[in-house]
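Note that the chains are named A, B, C, D, E and F in the order they appear, and that numbering of residues resets to 1 at the start of each chain.
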Amino acid sequence: MRIKVIIPNTSGEFRNAQVEHRKGVAHPGTVVDVVSLPHGPVSIESAADEARAAPYLVEEVCRAAAEGYDAVTVDCAADVALRAVKEIADIPVVSAGEAAFLVAMAIGDRFGVITVLPATAAVIGQNIRAMGLTQRCACVRAVEVPVLDLDTCPGVEERVYQECQQAITADGADVIVLGCTGMARLARRLAERLPVPVVEPGAAAVKLAELMVILRLRPSRRAYPRPAPKQVR
Amino acid sequence: MRIKVIIPNTSGEFRNAQVEHRKGVAHPGTVVDVVSLPHGPVSIESAADEARAAPYLVEEVCRAAAEGYDAVTVDCAADVALRAVKEIADIPVVSAGEAAFLVAMAIGDRFGVITVLPATAAVIGQNIRAMGLTQRCACVRAVEVPVLDLDTCPGVEERVYQECQQAITADGADVIVLGCTGMARLARRLAERLPVPVVEPGAAAVKLAELMVILRLRPSRRAYPRPAPKQVR
Amino acid sequence: MRIKVIIPNTSGEFRNAQVEHRKGVAHPGTVVDVVSLPHGPVSIESAADEARAAPYLVEEVCRAAAEGYDAVTVDCAADVALRAVKEIADIPVVSAGEAAFLVAMAIGDRFGVITVLPATAAVIGQNIRAMGLTQRCACVRAVEVPVLDLDTCPGVEERVYQECQQAITADGADVIVLGCTGMARLARRLAERLPVPVVEPGAAAVKLAELMVILRLRPSRRAYPRPAPKQVR
Amino acid sequence: MRIKVIIPNTSGEFRNAQVEHRKGVAHPGTVVDVVSLPHGPVSIESAADEARAAPYLVEEVCRAAAEGYDAVTVDCAADVALRAVKEIADIPVVSAGEAAFLVAMAIGDRFGVITVLPATAAVIGQNIRAMGLTQRCACVRAVEVPVLDLDTCPGVEERVYQECQQAITADGADVIVLGCTGMARLARRLAERLPVPVVEPGAAAVKLAELMVILRLRPSRRAYPRPAPKQVR
Amino acid sequence: MRIKVIIPNTSGEFRNAQVEHRKGVAHPGTVVDVVSLPHGPVSIESAADEARAAPYLVEEVCRAAAEGYDAVTVDCAADVALRAVKEIADIPVVSAGEAAFLVAMAIGDRFGVITVLPATAAVIGQNIRAMGLTQRCACVRAVEVPVLDLDTCPGVEERVYQECQQAITADGADVIVLGCTGMARLARRLAERLPVPVVEPGAAAVKLAELMVILRLRPSRRAYPRPAPKQVR
Amino acid sequence: MRIKVIIPNTSGEFRNAQVEHRKGVAHPGTVVDVVSLPHGPVSIESAADEARAAPYLVEEVCRAAAEGYDAVTVDCAADVALRAVKEIADIPVVSAGEAAFLVAMAIGDRFGVITVLPATAAVIGQNIRAMGLTQRCACVRAVEVPVLDLDTCPGVEERVYQECQQAITADGADVIVLGCTGMARLARRLAERLPVPVVEPGAAAVKLAELMVILRLRPSRRAYPRPAPKQVR
């Protein structure tokens, strides 16, 4: 099985830091390729970033089937262009935020999301409402560290840990969903320190994509009708 | 007052057909300019279309304040890049679908939306859920006529009328929202024939934009934080 | 265009204090008349007050069309007899609380309402649930100052400001709706001091009424069937 | 124990037809007095009717404690002035529609309401939403027979029966709530003919009022703060 | 009338402590028998406890009609096997938690539940969601005292009182529902000390069972179809 | 990895028919053992059946970790004792109905469930509400064929197919979830004939269990506190 992990930003460093985390959870027989976008913002932290990345992401997803991939994951907890990528793919496409929320609901009652910036939190909060899952979400919190500083800013683990604790104690979260795939390297340590499970969206998406391939499931054409070819200027 | 109406597609004919409908509802002192996008799909009928139009729409909205406009409307019932345009504008920005739903709720209990294609209906249905308004929406129905055929396909008014009737009779709608701004020319006639009010989104957006300017209201920076400047490749 | 603003209480002083705020937001061509009720409570602060004002409000609304008005606003954030006034009017009728909630939803995600007394807050909270808008409301808070003391009680602006801050900080409100039309004089100052927009219901209602007249929209007879004439003892 | 059943209309005939049905379900030790209002509409079928009956109902409820009653029921499935009567009573006050919905939820999953006119159905539907019970309501249907014709119009039982059947078959109702206390005489026969239980609101209210007295429960003053005395003109 | 109160645990002491509280609220003509289960856990504090008690409870309920009872109550605020007991009974069956929530909604807006352990709180919280009543529930809190220690652990009343206060002040509860029938002896005192009504579930269930008998209501066979006889190994 | 699939009924034939379907979707390195319960009903079709199977299921789950399993699935679309099995397991435990609903939400908007009997449909419907997923469920339909007749009753595939078609056409389902793991043998054929994806719960559970093991996720102890040891008679 071949899975294409598409990071919808244009930062090579970000991509390099994710590769091992995505490959590490795949089954031995699964080939995982991790790619970034050729154009668009260097990171996704707002709806404006999403708007600017959207057409390039759609194009990248379009190519996947022709390239021989069995499935695609969109490696972003903010679920960029979530409907569009399901409309245009002929193969399973799994988005990291959505995958993580679904997995979290199987092990807890109300998940808390810890993400990067307030704008990102607002986007994720609305995504969850659009999915009809508000009742199952305890909170969406921001650590106020930009995506590309997550690996370099001192004390990031501690700040994420503190927000997780607040989500649990003040908001009643019983599962934590990391709200940025750039936090993948923190997942293991946080899971050890916190009294609740921690779901890392990038890994959840890879595993859910494998599941979809084995179960022969793809986005419903009734829910996501395939757009007719159309002139784009 | 100057209002910029941005149609998020690239069809000149479509634009020309809308101009009078938008100008016709403005107050005498309001200047209304209607523009299309320079790049992107010729019409918006799916999430994929929205993804491809999004960055050009964002750019067009960005320019509006510098051009001296007091407000912007996004002239599309599918609410393209709804969060993004609110994040990046320094002036009021009103999106046609959202405006129509809000106006409809002031005069009825549950609105029915009549739009063009099944994919458009699916997008609008999810927008309504993202807005938390599902309880107030009776249905979203599609006439299965593409946007750019609305003016030329024979029997369009009748097909829209039939779907409106179904929305009222079978689904319990007590207000109709036209689910495509390209249906503006049908609004008056439908309102005469139907037993319930008909809300035309393009006009609703222009009037709501005027309201916002007079009441000095703009998108909340807490709900829609302004994105920091960022490198886009 | 002529709009009749009906304040559903019987206090002349209250009326006098509102007049300029309502007229001030109307378009140049709009005539705004502000009236009180001839009978009923001096202020509306509870459901019991609403019950006692209701028949006189209904009568006043009934008269409006015959008097030549194009639209009516019910100038109360607690939305007195909201269904009844829509049932009996042949012209657009807009209620201030509802108008403000709808406008707030176009510029923010979750609005916070700041009103006078706990009983008023309870009424408004239930109105919002009846409208199906609970998901979009962060809180309804009371400053514990009666309506008729709003202009004379020292420190009112500060108390309202403090509750707004709490709504934003503790409850996550990203727009403020003033929960009493008697707070109109505070709106401008609060908007300057607070980090989020402030919606004043009386003004919102006047502007939404203008919108309804221009768009030729009235309450749906399916949602609000016109009552047959009936014997009243 | 003494219970005052207040019918919020002014029709003596209607009152006379109800008396035995209310007394018939009370415990032997309970005295039940059934009264109408001195002023107001002859029947309650719309929000406008409710507005016109409201102040007289409030006054009648106010008197009940002084008259020595232990509890009050408001004998109307449309729950006239529901919040107001709870605010002003010092004794338990139970409203018939609300009582019936709560009882229905203990024996079924989704109740269907069968009421008189479309306007009444609209009022009841919104009441149910205001109570936050929409998920538990399958439908609100109207037989299109006015309240005061229920006893004389030929074929009423059959029309009610047909709507009940539709509620069960087409809408999935698994309990029927009669949506007008004037249908009390039909309850027994309908229960025999239908495959689901039938809840009669007037009786449900009397029994729930008895329950409240024995359990020493009254409307919460936090939910329904007692209004301060106030000048009414 | 004869009512069988079934406590779904196996503790004789617990049963003895409840008897007077259940009999005390019944009408003079009602015979109340209080029984425990012959097998199963000594107390119900978790879903695992419920699973272990379920078959014995079902059997005990099955026997009730043959024993000549007119109604059954399941005396547990965690609503053990709620659907199952309704499916298999030919007589009214009322469960204590559900009864208390319904009664609470008639006197307040949002009830707060105070129960024994965190696991019990989690079970009750999910029950409330399964009933579709989440909007009407302010909180479910645990005093962290096991069921069988409620009568002996020093300071229990104070701990319950403190949690009630928190429910009211911090969570906005306007009615308290005791979340364990073993708290019955505390109900009267708490009601005196708290500013809101207190609903005791065991008593609420007995009274609601009486109501069901008089109104001739039983669980709907559409909502709770009677299981066909089946081989059980 | 070793996964224990527990079928919560006592029918050996049923078990034998499932084995290949469960093993067939597992990864090569996964050992799948399929077991039935030693005691309890021969099939699960109602809440009463669930109540009677619950303690034996709990016991079987308890043993799994000691037996060296890495995860457990509860192989029933009606999610028997869903909370209890999560409370008592030290390893991941995935229930088939829940797993299928979560997977369905990743590929469609609103899923339709096709199950065996009306009682089963009622149980599943309430499970979905308890999970807070009502907005995402189009319908739960019953083919009126008992579980143990699914393999022998003539025309079963056609009946299931017809209900699937109704779910899609009349109720708007865009994904089908089979509502009984005994329908596993039909899944492939239905998927070929229907215009939407078909999710088979037993397989979905096995794959989700594998995912949980690789991602090191288990039920949250905050959501599902571990019950203290307790005397069971």
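For the reader, a short list of remarks on this structure follows.
Everything that follows uses one rule, which is that contacts are C-beta pairs under 8 Å (C-beta built on N, C-alpha and C of every residue); 3 or more make two chains touch, one makes a residue touch a chain.
Quick caveat, the model's predicted, so the values are computed rather than measured.
Where touching is counted per the definition, the chains common to chain E and chain F are A, D. The fewest steps needed to get from chain B to chain F, moving only between touching chains, is 1. A count of contacting C-beta pairs for B-D and for A-F identifies A-F as the more extensively joined pair. Homomeric contact chain A/chain B is classed as same-residue, with over half of its interface positions used by both copies. Using the average of C-alpha coordinates as each chain's centre, A ends up farthest from chain D. A separation of 51 Å divides the Cα centre of chain B from that of chain E.
Once the centre of each chain is set as its mean CA position, chain A and chain C turn out to be 43 Å apart. Counting only residues that touch two or more partner chains, chain A has 86, 109, 122, 126, 129, 132, 134-135, 222-223.
All chain pairs that count as touching, in label order, are A-B, A-C, A-E, A-F, B-C, B-D, B-F, C-D, C-E, D-E, D-F, E-F. On the chain E side of its complex with chain F, the touching residues are 10, 38-43, 45-52, 54-55, 57-58, 81-84, 86-88, 117-119, 122-123, 126-127, 129-130, 132, 134, 146, 222-225, 227-228, 230-233. Contacts from chain C toward chain A in the complex involve residues 109, 135. Residue ranges of chain E in contact with chain D, taken from their complex: 25, 27-29, 86, 92, 94, 98-99, 102-103, 105-110, 131-133, 135-136, 168, 173-175, 191, 195-197, 199-200, 203-204, 207-208, 210-212, 214-223. Every residue of chain A that touches chain C in the complex is listed here, in rising order: 122, 125-126, 129, 134.
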